[in-house]
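The same subunit A turns up in both complexes below, where it pairs with subunit B and then with subunit C.
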Partner chain A sequence: MERLVFLLSTGLARGAVLALFALSLVIVYRAARAVNFAQAAMAIVPVYVAFAVTAASGSYWFGLASALVVGALLGAVVERWLLRLVPQDNPLPGIIVAIGLVMVLQAGLAIAFGPDHRPVHAPFSQRPFEIAGVGVLSPYDLFVLVVAAVVMGALAILFNRTTIGLQLRAAAFAPETSRLLGVRVPRMVTLGWMLSIATAALAALLLVPTGLGLDPHAADVLFVNAFAAAVIGGLDSPVGALVAGLVVGVLASLVTGYASAATAPLAVLALLTVVLLVRPHGLFAAREARTA
Partner chain B sequence: MSAHDLKTRLRTRDLRTGPKTRGTKLLLRAGLLTVLALGATFLLDPYRNYQLATSAGVFAAVAGLTLLVGLTGQLSLGHAVLMAAGGYGYALTATWVAGTLAGADGEVADGVVGWLLPLLAGVAGALVTAGVLGLLLGLAAARLRGPYLAGLTLALVIALPSVASTIPALSGAQGVSAPFVPVPDALSALIAVEQWHAWLAILVTACAVTPLVALRSGRAGLRMRAVHDDETASRLAGVDPGRVKTGAFVISSLAAGLGGVVLAIVTQQVSPGAYGLGFSLLLVVAAVVGGLGSLGGAAIGAVLVTVLPWVVDQATAGLPADLSHRLQGNLEIVLFGVVVIVVTILWPGGLSRLLQTTKFFRNTKLFQNTER
Partner chain C sequence: MTTTTSETASSNTADSPPRLEVSGLTVTFGGLTALDDVSFTVADGEIVALIGPNGAGKTTVFNAVCGLVRTRRGEVRVGGVPAPSSTTGLLGAGVSRTLQGLGLFEHLTVLENVLVPLTSVGASTSTSVDTAQEVLGALGLSALAAVPAGTLPYPERKRVALARALVTRPRLLLLDEPAGGLGATDIDQLAQTVRTVSDGGCAVLLVEHHVDFVMDVADRVVVLDFGHVIACGTPDEVRRDPAVEEAYLGVPVSAGGALGREERS
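Up next is the complex of A and B:
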């Protein structure tokens, strides 16, 4: 019982990071109708910047702010100067270019900073609180949950209650019509990428202190799990990504706790396979039109 | 391609050039290339022969991948896992057969039987494991489109170390060893073991690639292209897209499995670390740089991804220790990444397109690819 409570609560904190990253995939999918396979590499670059800024200034918060800014800039640069050049009529060239970008960014980071893991300290203690003798959440887990909730709330308000958000949704839903109505669609796509990479960078920054440390591949497994979550939720659905992210996080935590750490990727793979075979477009997405 | 057009082509295809003459020609050409490759091993030193054998294994997998991506448009990021499946299948079966043969009289069996039987049984085992995994993936692939399939195969690559440590027979990160194939007595005065392994690699790869060439230019290739171009039209013309996609995936997996056999023969070792995400992406790089859909391009791409890392290591060896340590294993990845981006954006036919435009290769089908 104690074990279950502990695993559920840490799973929730891990799931919040996962949901945040899955949300970033959904944002970019809605903006560009493409899954960004370079999301992990693009998210880890700002984390390196944050690491350097924190080391130079001594403040975690400066590092966090710089990660968000650098993430947004990176998103804009990649979208404007790289992905706009890629033919859009089928998804294949986009995925291949993203793979090339992954190789350039990750190997480039390894050359610039060396291939070793760098230990990263969390801004709060990672020792769990004890409630009636049962270890529950650590202060850092609590911080992660609060940050994730605040960011998701802010994104929900941005998308649903502001003019920019309306333009973003319109540009994604009906680009031609939006353009006729005066929405600058290309600018909205760039903005979607900026929001997405900044969110992904935040998720990676929150993840790194709980893992082995910072290295160019630190977000790879996060990407795969978040991709699974985003697909399970339906790539189009922010709410789906949130729910599925928490579910996958808790599932991975339970499997790690009761079976072994090695089985967690298998459980995620199995879940992804089953969902893709039963409902290829996710549990929360609208159905696609049928063909012949 | 319209439905009617497809129907007529499907019907008349074999009437224009009879399947028999086409098949004979293909086999002759394959035999000639194989003999040329075998002869070329005499010109190389042992290390070059080792590199040639590795390239041959990678070529088999890239040929399968390029056919899958170029003709049916299904992108698999997990072909390294299919190679690993073939490698494990080979190593486990061959070890078991060799053990059984030795068990009868307590000694390792001599002569041709001692190595040939385990080798053949291992190849059969590899075809079964890679084929079954490919069938499962292909069944999923038939229902999925671009990004979903790519994501599923990516998840598979990431899960490979977990699979290896969960199934006891695969002995975790340490991997399993494959039996050593010694040089036969008749040849031992003539060639070194590296050259012998290069021969085996060339023969296995020839068996993997020749059927792909036949399929690509035959009826099956036409069906794959039709399904890729327009699923609805091909369904109306009586071609079942699901079956075609699954079939293409299985064929591609078998080729990748044989590639895994080659690497297992050459390195005598199969471990999950050798078939990670980086290697899987390199296979995609080789297919893209060579030109998607082109088997000749796949050969060039495979040599490139095997040899370039070695060249880069040689070039950076003279630099200061700290710098060369950082560049080692990373500089070539950056180069490959840049090349893949540039090729995809500026030059979507890859190297095969370039070669096809030169006078020498214009009239051959060797570098034909599917990019338009």
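Up next is the complex of A and C:
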């Protein structure tokens, strides 16, 4: 029982990070109509910057802010000066460019900072609180949950309650019609990339202290699990990403605790397979495909 | 029947420049001349119908007005000045259009659909919502404001498309087959709406296959065939024009619902 409570609560905290990263994949999918296979590498670059800023300034918060800013800038640069030049009529060139970008970014980080793990300290204790003798969430887990909730809430308001959010949604689903109604679609695509990579960078920043430390591949497993969660949720659906992120996080935590860490990816894969067999477009997929 | 007055019937007598003035418009696609020396005007408050068989060039006229096709010769003026070529410029000049095939954002609510054009003219969020609600109310769509547009039946979707074109309070409204696919009741309602809009001073240019609707609502009718204007005048004049009957392969224009040679597109 104690073990179950502990695994569930840890799973929730890990799931929140997964959900955040999955949400970043949904945002970029809506903007670019493609899965960004460079998401992990693009997310980890701002984390290195945050690490350097925190080391230089002594403030975790400066580091966090710089990760968001650098993530947004990186998203804009990659979209404007790289992906916009790639032919859009079929997805293959974009995927190849993304894989090339992963290699360049990860090799660049290894050259600049070395390929080794760097230990990263969490801003709060990672020792679980004990409630009635049962270990539950740590202060850092709580921090992660709060940050994830705040960011998701802010994104929900941005997308659903603001003018720019309406333009982002309109442009994502019907770019041609949006253009005829005066929406600056290319600007919306850039903005989508900025929001996406900033969100992904934040998720990676939150993840790193709970793992082995910082290295150029530190977000790779996060990407794989978050991709599974995004597909389970429906790729187009922010709510789907949130729910599926939490489910995958809890599932991985339970399987790791009761079986082994090596079994967890298999469990995620099994869940993904079952969902896709039952609902090929994911659990929360929109009723119909987008219009051109 | 139409409430045509002598001033609106002939826009040339107006002092101010016509809202829309198309003069000598020629558009070619490769070797094909889609429009050949087309000229007509639409005055403020006037309803002009553009009719003609399939492929006559009606949609191309709309596209030329909106700067979506390159014109070879001729000019389009809106309010006395050359028509802007950018979408935002056109919205600023008070031009709006409905799209063939509706082009609704299916997953967005009716209200959100109508709000999209307002986001690009820089209106504040609260005034935008008020304006949008007002237009929805005028078209009897208030109760459906929160419903995703894609779930509505066709006549309601068509009204949403019209609301979206009206929400920017256009001075020139371009309607691409507004009556297409509608039943008699909905067409009557549409005619009412179009008349109200035009009574408010808006110039309306519409492309339509439904002859009864055109004859009912239009102040003037411009007939295109193979890119040429073959007739232009009041509905009655055009109805009696032998060249028009010939263009429709001898089917009298007054005979029925749709013009002879045409198919719905």
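In this text, the second predicted complex is superposed on the first by the 284 of 292 C-alpha atoms of A that agree within 3 Å, B and C clash if a C-alpha of one lies under 4 Å from a C-alpha of the other, contacts with A are read in each partner's own complex, and residues count from 1 in each chain.
Here is the rule we go by: a contact is a pair of C-beta atoms (placed from the backbone, for glycine too) under 8 Å apart; a residue touches a chain by one contact, two chains touch by 3 or more.
Keep in mind that this is a model prediction, so the values were computed, not measured.
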**Request:** Would you sort A:180 into first (subunit B), second (subunit C), both or neither based on which partner it touches?
**Result:** second
**Prompt:** Is A:34 in contact with subunit B, with subunit C, with both, or with neither (first, second, both, neither)?
**Reply:** first
**Request:** Using the touch definition from the top, say if A:70 reaches subunit B (first), subunit C (second), both or neither.
**Result:** neither
**Doubly contacted residues of subunit A, that is, touched by subunit B and again by subunit C** = 291
**Request:** Can you check the complex and tell me which residues of subunit B touch subunit A?
**Result:** 69, 73, 75, 77, 140, 143-148, 150-152, 154-156, 158-159, 161-163, 165-166, 231-232, 235-236, 277, 281, 284-285, 288, 326-327, 329-331, 333-334, 336-341, 344-345, 348
**Message:** For a test of understanding, state which residues of subunit A touch subunit B in their complex under the given definition.
**Reply:** 34-35, 37, 82, 85-87, 90-93, 95-97, 99-108, 110-111, 114-115, 220-221, 224, 227-228, 231, 235, 262-266, 268-269, 272-273, 276-277, 280, 291-292
**Request:** Would you mind writing out the residues of subunit C in touch with subunit A in their complex?
**Result:** 66, 87-88, 91, 97, 99, 103-108, 112, 115-117, 119-121, 125, 128, 150, 164
**Request:** Give every residue of subunit A touching subunit C within the complex, in rising order.
**Result:** 162-164, 166-167, 169-170, 173-174, 176-184, 286-288, 290-291
